[in-house]
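These are the structures, in structure tokens.
Common to both upcoming complexes is chain A, partnered first by chain B, then by chain C.
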Partner chain A sequence: MPDTSTEVALATTTLGANAATITLSSIPSTYTDLRVVLTGTIANGSGNTIYLRFNSSATNTYSTTRMYGDGTGAYSSRYNSGVDTRQYVTEYVYSVPYLTCINVFSYAGSTHKSTLIESSFYDSAGQGKAERTAGLWQDTSAINTITFSLNGSVARFASGTTATLYGIL
Partner chain B sequence: MPSSRTLIASNTLGSNASSVTFSSIPSTYKDLVLRLSARTTASSTINLVVITPNGTPSASFIRLRGSGSSASSSSSTGESTWYTGLVSGNTATANTFGSIEVYIPNYASVANRVYSTFAVQENNNAVAYIDNYAGLDSQTAALSSFTIYDGTFSTNFVAGSSFFLYGLKNS
Partner chain C sequence: MAVTKVSNSGIKTGVLKYDSMLAGNAAYDPAATWLIQRVNGTGSSNTITFSSIPTGYTSLQLRILYKDTSTTDYTVMNAPINLRFNSDTAQNYRAHILYGTGSSALANDSGTGFTALPVYGCYMSSGATFANMMGVSIIDIHDYNSTTRNKTIRNFAGNDGNQSSANRAVTLSSGVWLSTAAVTSITILSAATNFTSTTSIALYGMKG
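Here is the complex of A and B:
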């Protein structure tokens, strides 16, 4: 069957053991956009937020607008000039699988600052979240590294967690 | 470098049909993506679309919905189908179809299966819908086939409705 799209898997990381961070590095600048698909579960502690940083930058250059539903209400919040973008993929249900997809536009360095559309989903017997987030990294540098981490000192990405990076022409 | 996304199968309806089935789904991909554009014969402006996978589904979901004037969220458990979102029914603006994307990671595994959806239903009216579902199916059967229905199981997808199933590799 002929290839019909311009979406290419660039790298996949599958954790063999619990880990505090996941890093996708050496990202080529030859694509137009990037997409990351992150699936797995959270192990240990109170890790309820996935943080994302570009090029290990911890400056106050990240903004997100978030909309989500938790089964009882719909909410929106704004996180401006933060030190990372935030995805709330799980709170108190550690063994439940989640799915996070992140589209990064204009990542290769230009006069355009990189914008993001993120989505996160998890459900456990009707308790969970469906979330959409729009984000901005206020930097025009080419993105060559994406790092995911968790809040909480003992929270870990569980063994088996997979992060796949796609380049889109 | 070859594309990681492959069209596994598609079906564009030549006449009204009560369901669409994708069977014998190969297990050689990592994730599946279903994209559909559909309208139904239901006597309403909206109609839910559901998926019945093989096996014995035991599903639940969280829904986030926008209607143009408000947002809401709801949940459900003990479902035998996967809820995906709303498309246009027969009384919606003529020739207006709804669109849904369903993302199913790790579909060939037998662990708890998460899925997500993004659905848009349009209508030349003050109210039209955006749906987002976070779903979980706790059955342990690997996904090898599924059938798409309208949520009432009593009306048809109209001719011209189209359904595309893609496989995504991660290498």
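Here is the complex of A and C:
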């Protein structure tokens, strides 16, 4: 049995002030998969969606299939790469704590277009949502940077929001 | 200078004494996840097998990056990969599935009669439309060492074939192997034809 973990915390970013974006950069290429855990709240309430971009790419190369339940029904919808210049991650509700966990497979190679699966949750004792998504970035580049952003010009990741990046051998 | 005598007379009183060798040091954080084995597809075989699985973990996890050599496209319920435990070919398997197609969220029961556990949602064909695209799955096999309980499996899978309605879904499913035997081997059977050489399946042992 190996004596070292094959899942390693590579970096943790905790916001000391509200921010429009969170960037995880200089991601090493020495792992097989990545896992990102994002948790916090959103300050300022004009938006409702968290996105990400790989390697700062802003081309129409992202698509998502999502499934979610909100206590009244189960739903599924799509975001297509012909339109989207960023990867849909999840929806949020202003000031309600959320938890998002993203698994990015085979991120370091140059053979595969990157596929991710993601689970997100929030609940405020009256409204809540459990969501799963599958996403595709139509680019075979190795991923070295992940940047989270929000829609709406004034929405901000609130101070205290934490993003942790894990590498999986 | 040679040390010729050691005395405690100069040590200040109140010095803390510890029974633990870790005192003053960072806590030891034992690793929680170990890679047991990774197997890649060959392009000419429809099975990947993990055998002689060690017993020293709490649960097992498979991380699957999958593409089939078949060029036929399938919707999610028509192309499960299959997991067979300990080479058991009896009809001891069943699954329940929740999945989203991009337009509807649906649920299904696999039904009975399976001689291996169907695991849905990670199929990706080798059709030209899906070049370099892969299906993925994370499968947790809980309590795999138990000799008193059936084995419960959780699957979280996704494939996103972009604009096509085939090879596209996000899936969450449960599964059961109706056996109280400890899991010592897992054979994974491809959904349609063979595993491509770009397919990679890793088995991890989890603690805690």
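The criterion applied here is as follows: the second predicted complex is superposed on the first by the 151 of 169 C-alpha atoms of A that agree within 3 Å, B and C clash if a C-alpha of one lies under 4 Å from a C-alpha of the other, contacts with A are read in each partner's own complex, and residues count from 1 in each chain.
Definition applied: a residue touches a chain if its C-beta (ideal position, glycine included) is under 8 Å from a C-beta of that chain, and two chains touch if they have at least 3 such contacts.
Keep in mind the model is a prediction, meaning the values are calculated, not measured.
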Fit or clash - chain C, chain B, common chain A: clash
Partner chain(s) touched by A:R132 [first = chain B, second = chain C, both, neither]: both
Partner chain in contact with A:S119 - chain B first, chain C second, else both or neither: both
First, second, both or neither for A:T6, with chain B first and chain C second: both
First, second, both or neither for A:P97, with chain B first and chain C second: first
Chain B versus chain C as contact partner of A:M67, first or second or both or neither: both
First (chain B), second (chain C), both or neither touched by A:V37: first
Overlap of chain C and chain B interfaces on chain A (superposed complexes): 1, 3-7, 67-69, 73-74, 76, 119, 132
Touch list for chain B against partner chain A, complex: 1-7, 30-31, 60-66, 70-77, 103, 105-106, 111-116, 118, 132-136, 168-171
Chain B contact footprint on chain A (complex, rising order): 1, 3-9, 12, 37, 39, 67-74, 76, 96-99, 101, 119, 121-132, 162, 164, 166
Chain C-touching residues of chain A, taken from the complex the two chains share: 1-7, 32-33, 63-69, 73-78, 80-82, 103, 105-106, 111-113, 115-117, 119, 132-136, 138, 140, 168-169
Parts of chain C lying in touch with chain A, wherever the complex brings them together: 31-35, 38, 54, 56, 63, 65, 98-105, 107, 132-136, 138, 156-163, 168-170, 172, 198, 200, 202, 204-205
